[in-house]
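Each of the next two complexes has subunit A plus one more chain, namely subunit B in the first and subunit C in the second.
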Partner chain A sequence: MRTSTVKPGTVAAFLAAAALLFLLYIRPFIRLGLIAFTRDGIFSWENLRVILPGGSDFRALMNSLLTGTATTLIAVIIAIVLAYLLARTNVPGARFFSWVFVVPYFIPPFITAFAWTRLFGPVGYYNRFLVWLFHLSEPPISIYGAGGVIAVSALYTFPVAFLILRKAMMQMDSGLEESARISGASGIRAAADIGIPTLLPSIGAAAVIVFVTSVSMFGIPAILGVPGRFVVLTTRIYAYVGSFGNPWGFNIAAGLSLVLLVTGALGLRLQQYFIRHERFVTVSGKSSAATPVSLGRYRWPVFAALLLATIAGVFAPILAILVTAVSRALGLSFTWNNLTLAHFWRVFSAMPVVTRALGNSVLLGVTISSLSSAVAIVVVFVRRFGAQRIARIGARLTDFVGSVPYAVPGMAIGIAMIVTWIRPVLGVRLYNTWWILAVAYLVRFMIFPMRSVDAAVRAVDGSLVEAARLSGASMTRSGRDILFPLIRPSVVSGWILVFMPALTELTLSILLYSPGNETIGVTAYNIIQEGLLPVASALAIIIIVLVLLADLAMRRITTAAEGL
Partner chain B sequence: MQKTIVFLVLTVFVAAFAMASGAPEAAPDGALGGKITLYTSETLTDVQLYASQFEKLNPGTTVEIFRLGTTELVARLLAEQEAGETSADVIWFADMALFGDFAANGDLLSIDPPEAVNIPAQYVYFGGKAYETRLIYQVVAYNTNLIPGGVRGWADLIEPQWRGKVGSASPFSSGATLTQAATLVNDDRFGWDFYEQLAANEAVVSGGNGGIATKIASGEFALGLTIDFMARAQMAQGAPVGYVYQEEGSLYVPTPIGVLSSTGNPDLAEAFVNYLLSVPGQLQQASRGYLPVNRNVALPEGMTPADDIGILTTDWEFMRNNREEILTTFGETFGIN
Partner chain C sequence: MAAISISGVHKTYEDSGREKNRKAALLDVSLSIRDREFFTLLGPSGCGKTTLLRSIAGFFGIDSGSIAIGDRTVSDPSTGTLVPPEHRDLGMVFQSYAVWPHMTVAENVGYPLKIRKVAAARIGARVDSALRQVQLTGLAGRYPAQLSGGQQQRVALARSLVMEPAALLLDEPLSNLDARLRAEMRFELKELQQRLGLTIVYVTHDQEEALAMSDRIAVMSEGRLVQLGTPQEIHRQPASEFVARFLGRNSIITGPVNGPEKVPVNGPALDSPGGRITVAAGSGLITADAREPERLPPGSDAIVSIRYTAAKILESGAPGALPATIRVSTFMGDYWLHEVELSDGQVVIARGETDEPSYERGRAVALQISRAHVFPAEFR
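Entry: the complex of A and B
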């Protein structure tokens, strides 16, 4: 690393970054804490009393913890099984399955929840099938309540755990397991005694992500929990802010957000612990090509089981809303006469709120993706090439921004933004404008490009840039001509990683949107809650198509990146 | 290949964006122009129909719709007023008590839409500060496949036979259900007892009335409380739905529309209210299953004249003074909030 004198420009940049960090990340959460611990400007514990045993929201806290724990357990088990089958065995179609099992993660969770009501609601297709199959008098399964929230949360979150574990299993040195097998251990014994312990840190990291995600989610418990009288912290926060009746609604909402925040922060610590320990195990670098475990005569039965899971768990929900979207009315039999495309037509041509919201969301997505990518590039480049002292600050910044918002639940960011911006700050009015959404999205999504750009820059061999510098290229020039082309695919995929969730964001937006500044997530959610099911279904299908298109584009780009 | 796909995807998003950002044309001189924002709890697809027709009849005008359930809408409106700024020009939702407050506080503009002369006097509220454009009642609707014999009224909802198959909107969303609670708890025949029995019958309380009607149609609920026009709209689509005006009395749900004093475009706001009261506006509402109020519009076939519908009495003063308490008790009774 070079040492050079600190230029005034870098000092100014540093000050700007510090101011931005303070305004975006620090001040809102200080405000949140202040509001949570005061009533009428006086210190008070009252706002947090509601979650103590005997308090009105103690049940919500317990339900949140139950949802988080059960979801994590189920999602991680599914992920371990799938990752093992698809990364370590010779099951046919592993590539296809590895793609298709990630799809549920790209579909906005509130849409997944809505879709599952079409299957396991009291008159859902699965329930009706079971009633017919077993001659039951009542639908056997109810999607509304704890079970539905947990099951659908697990289906939404398992892909993240799957991706982490699949990567770990692919990198794991298969020699260990092979030695065990050679020494006479059975396949299951080898997996249980060698494979699982080796993977524990990765499993831990995956579990933490799933836990924090499922505790922070709003859409699934709002759609599946509330009708079954199963309330969680996020739905309570929304109720305190979105409904009148309690003069301390905001303060209590801030208090509950703080609880979510603490859960997230603890999760973050735990995750860092696991990641640190990952370094000491044999998941390192690229092992010699792993020998796939032969499933023997179970090869095709396993394939059939995976195919069935794909159809029942991934395609069926989409199909269910598609059927609803083309039905003239509910309760009619599914015949040609009762099919119509009118709902799609109506969504596009006769509902300005939908087109307006789509415009807002696309604009938010493009703006936030571009802005966060640009900031990430600057910060990461400073970290890589800046003078030592500045670079160290850059490193701190990337680590901080890269990790903190991940642990901060969307609802807490939303409440923090409201309490910060409800009154104009220095004459700037953000509340009830498009801008408050933009700022909140930036806080929420900054992590994605920061991570992918940082990882890409680290992967580039320093000698390439050194060579350019030695040949006389300036730092800017070598960055632009050597480094940037190499990391471009990561920048693009980081961009899409922000664009996709930003496009369909609900948890933050439901707290911050305003008339004229609706997002597509909020609009779809409101239409679902209003009970306009056919229209909601048509809109859901449109959103799924948009999201899958974006996913397709990203896959193309990252495949291209791997080819470099 | 890769470039083609990226290009296609971008095209789709750009098209979506372009579609969303079409600006209205400028108004000709002397005519109505500009934009108003309507805060409403009306069924989104219905109210959009009226707004679009109004815009078509008055080129250069825009009626932007912001739709939420009454209770959530009121929370937002009050919060915005407290912050000193609301985007709303016209408000239209089912909270008569709040309209009363607004009228008394000078938050509502006195308007004089020409069509008002064709509206019975009892539907012009607070000396012209708010109007009823159509009549709606909260009724008991049922799925005709599940209950071929039909139902009679409120008492059917607490029949153990339908345990777990009874649906109702939530007062945390629906102004009609809040009005219902304020009405029933004050009625000796019902009281909170009725709600305890409803809860014991495992009634599912959630969302708005439209969702209840849809779920009765789909058979998710055998019966439930919803708005008469929503039941009629389901029936018009061929769904297996029937409804009755309860023998004990139906719930009349006033849904006033009024113009906020803070509006920047009172002429357009008044013109929109006038359109809703006029024959074309009334026909449009009737086509969606609402009972028209304009004397020059005949009652559509299949609708019961307002005079023949027995209604319960609502004490607006009681609702105004006890709104929060009613919500809290209701929430506790059903384990929702």
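Entry: the complex of A and C
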């Protein structure tokens, strides 16, 4: 046991970190709680009464639960089937499909929602096709309402569940199911008796993430729910903030945010419970090299089905907005003469706000990614090399923080930021400036890179650094020469992991932006809501291209790191 | 229990999206495993032994040839026969044990009976008896996470025995155990096999394990069967340099063939199926057994394999021995291992008794080789 003497510098740094933590994370949520339970400074339950049966927002609560449950059910079933096919069978093109099925998660949900309206909206391509085909008088499918919100939410969230389950299935010892086969169980029986039960904790964890994500989502219900009079908690919160008629608007918004926060916190606990049980699955021995299950003569039919699903679920909506973006006018037939790139040009020339917003978003993205990566490196290094007592606190912090990102709904952070910064704090005025966006983004994204950097540092065997020390390098020198080069790919991918969602962020921005400080997410959302279809489509395509480029960069970096 | 016959089996792995090329895993493998035999597939990783075992289990089909268990053909692409694993009546123990973590020991072991719809009361009795066979009585209610690696493995063994299968397939079952337990389980497994009269197909890369337990061994390399025989045959008469190297602690040296043996210089000639040939090495000749002496004409390049137990250190100048220099002597507890260098720089490992002295580095000695095997160099 080493007794550590703590230097005064360390104490000062520690106190500064604690103060920052309090100011950014603790105080806003205390404020949120206070506002939610008071009216005019007096304790009150009234703000939460609205969600009780008979209250004005009871329906919104029920709709949120319905959306969450139905989305989870659909997304998890899709994820189980895809993960099994792509991780455990010999279906051709597994690599390609594993990439392409994750793409929907990178595209901002409000863009996805908009894209689907171009297919299944009243004048969407698919509806128009059906009307023409069957000589209908009305478009047969309506995307506005519960069905549309649930379907699009499921398509947006299933990749998360897919990634979790694919990893679990790849790690699962294939001998577990094979020994069931040898014991006399058919393939289906082996899956039911052995495969599914051993994967249950992973399925549970995936379901929780999908549920919490879909309940906290704003973009999809705002675009697809509100026009169909299908309101959920997030869209109600947004409505309360914007309504000047209700003197208690902010208090009720805070109350509803609290409901979302509690959902997220419960989800977090549940997920940690599942993860604890996940360990118990991999307890026995080394896993034998997994041999893919042969699909036999169904190999190519399954491939065809996956390809069709890719085209219908991933490419069709993107194609729909692409077609809208390059069409001279809506409703014209799709011929060479009717194609134009003018809308892409108009996005920038006729709308100065777009250029300004793009600048704001890039600046926010770069600032927040860099800052959060730096914080992650410091915290992780302190955890690994710091004095024991501090390292232990660091360890707890990174463990906790690693699973938080999805659990704190953006709407709740946004409301907490408003109620905290609406008046100057210690003489600093953030409200209605670019800075409140920066602070809010920081609160939301700071912890994103923590997990990837932490995992990377853990993966570096201690002996690598020790060998450098014995070769004569100082602690700092060996960190610079050995540790940092080894974790650099993870740091860069952690950076992109923040940059991507920060660039297209909508939920926080729509609550906190002010004229001149628009973000690209808000701008695109407003253009979509104004119904400027060609321009909105052009902007959506630009955003999708940006996001896919960032994704491509991250993949190159991570595959390069795997080769290390 | 039943015999297993494998004839002319070919298997290439299909492109699973990860490997770019189709690679051959089994090339024209034919062998028959007798009823109640402890049969071992031995070879380095990637030699095809696990592929062969999994073909017998039926986890995948073969490209050509056929596999029969007892009188029943289970795999034969020419007739489209491919019996799924659950209908092959086999037991299998995996390297990872593959004990189901969400079931108790009794549930694990009883599963094959439950699948076959055996009455619950009978399941209990048979599970008890299977657990008794592997000495796990009293642990029926435990979960796998509460068991040691060795106990988990016994659960896997009991589970594979409980339905009294036609044959038992064991895929490197001891490789995850520590050295002491591994040695213990070797005896136990062999004893169990003889007591219950089991047909066992055992896959391992550990030559000691194979020699200690098997009735017969099939040595495999790059998808082919390279030697089939009893442990004694394989140990005493390796068919190729590969087998000789794989059996371990064999020194391999090369040199030109001098000619057939004229006078037995190395003591009495042992039973050798082919003939005896002398090979020039260092500043002398080594006499070695050749399976096919006609393939080793004088002057051709030959490879000689010398088992460390057949090489002995004598005082320098001893008659009939090769001059050599000590490189290093290692005390092994029960014996010495001396690494010596011949005058041409080739290295041979020799065994010394513990009551002999140790030799310092550079000491001139003589190397007596009582038995060696010689192969044409193209066997490489």
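In this text, the second predicted complex is superposed on the first by the 536 of 564 C-alpha atoms of A that agree within 3 Å, B and C clash if a C-alpha of one lies under 4 Å from a C-alpha of the other, contacts with A are read in each partner's own complex, and residues count from 1 in each chain.
One rule holds for everything that comes next: contacts are C-beta pairs under 8 Å (C-beta built on N, C-alpha and C of every residue); 3 or more make two chains touch, one makes a residue touch a chain.
A quick note: this is a predicted structure, and the numbers were derived from the prediction, not measured.
Trainee: Specify the outcome, clash or fit, for subunit B and subunit C once both structures are aligned onto subunit A.
Mentor: fit
Trainee: Using the touch definition from the top, say if A:Val231 reaches subunit B (first), subunit C (second), both or neither.
Mentor: In the superposed model, A:Val231 contacts subunit B only, not subunit C.
Trainee: For A:Gly359, decide between first (touching subunit B), second (touching subunit C), both and neither.
Mentor: So A:Gly359 only meets subunit B here.
Trainee: Please work out whether A:Pro197 is in contact with subunit B alone, subunit C alone, both, or neither, and reply first, second, both or neither.
Mentor: Touch status of A:Pro197: second partner only.
Trainee: Using the touch definition from the top, say if A:Ile111 reaches subunit B (first), subunit C (second), both or neither.
Mentor: A:Ile111 contacts neither subunit B nor subunit C.
Trainee: Looking at the overlay, does A:Leu497 come into contact with subunit B only (first), subunit C only (second), both, or neither?
Mentor: So A:Leu497 meets neither subunit B nor subunit C here.
Trainee: For the overlaid complexes, name the partner, subunit B or subunit C, with more touching residues on subunit A.
Mentor: Counted on subunit A, the partner with more touching residues turns out to be B.
Trainee: Answer with first, second, both or neither: which of subunit B and subunit C does A:Ala325 touch in the superposed model?
Mentor: A:Ala325 sits against neither subunit B nor subunit C.
Trainee: Which partner does A:Arg189 contact after superposing on A: first (subunit B), second (subunit C), both, neither?
Mentor: After superposing on A, A:Arg189 lies in contact with subunit C but is clear of subunit B.
Trainee: In the superposed arrangement, which partner chain does A:Ala94 touch: subunit B (first), subunit C (second), both, or neither?
Mentor: second
Trainee: Students often get this wrong, so check: with C-alpha centres, what angle lies at subunit A between subunit B and subunit C, to the nearest 10 degrees?
Mentor: 160
Trainee: Once the two structures sit on chain A together, report how near the CA atoms of subunit B get to those of subunit C, whole Å.
Mentor: Here the least C-alpha separation of subunit B and subunit C stands at 21 Å.
Trainee: Where on subunit A do the contacts from subunit B and from subunit C line up?
Mentor: Correct list for subunit A: none, the interfaces share no residue.
Trainee: If we count contacts the way the header does, which residues on subunit A are in touch with subunit B in the complex?
Mentor: Going by the criterion above, the answer is residues 121-123, 144, 226-227, 229, 231, 236, 239, 242-246, 328-332, 338, 346, 348, 350-353, 355-360, 362-363, 366, 422-423, 431-432, 514-516, 526-527, 529-533, 535, 546, 549-550, 552-553, 556-557, 559-560.
Trainee: Can you tell me which positions in subunit B touch subunit A when the two form their complex?
Mentor: Interface residues on the subunit B side: 1-2, 5-6, 8-9, 12-13, 16-17, 19-21, 37, 39, 43-45, 48-49, 52, 64-69, 71-72, 74-76, 78, 80, 83, 85, 87-88, 143, 145, 165, 172-173, 204-215, 217-221, 234, 237-241, 323-324, 327-328, 334-337.
Trainee: Residues of subunit A touching subunit C in their complex?
Mentor: Contacts found on subunit A: 90-95, 173, 175-176, 178-187, 189, 193-194, 197-198, 200, 280-281, 283-288, 291-292, 294.
Trainee: Applying the document's contact rule, which stretches of subunit C touch subunit A when the two form their complex?
Mentor: Residues of subunit C touching subunit A: 14-18, 54, 57, 59-61, 84-88, 90-92, 94-102, 111-112, 115-116, 144-145, 149, 152, 156, 159-160, 163, 169, 171, 176.
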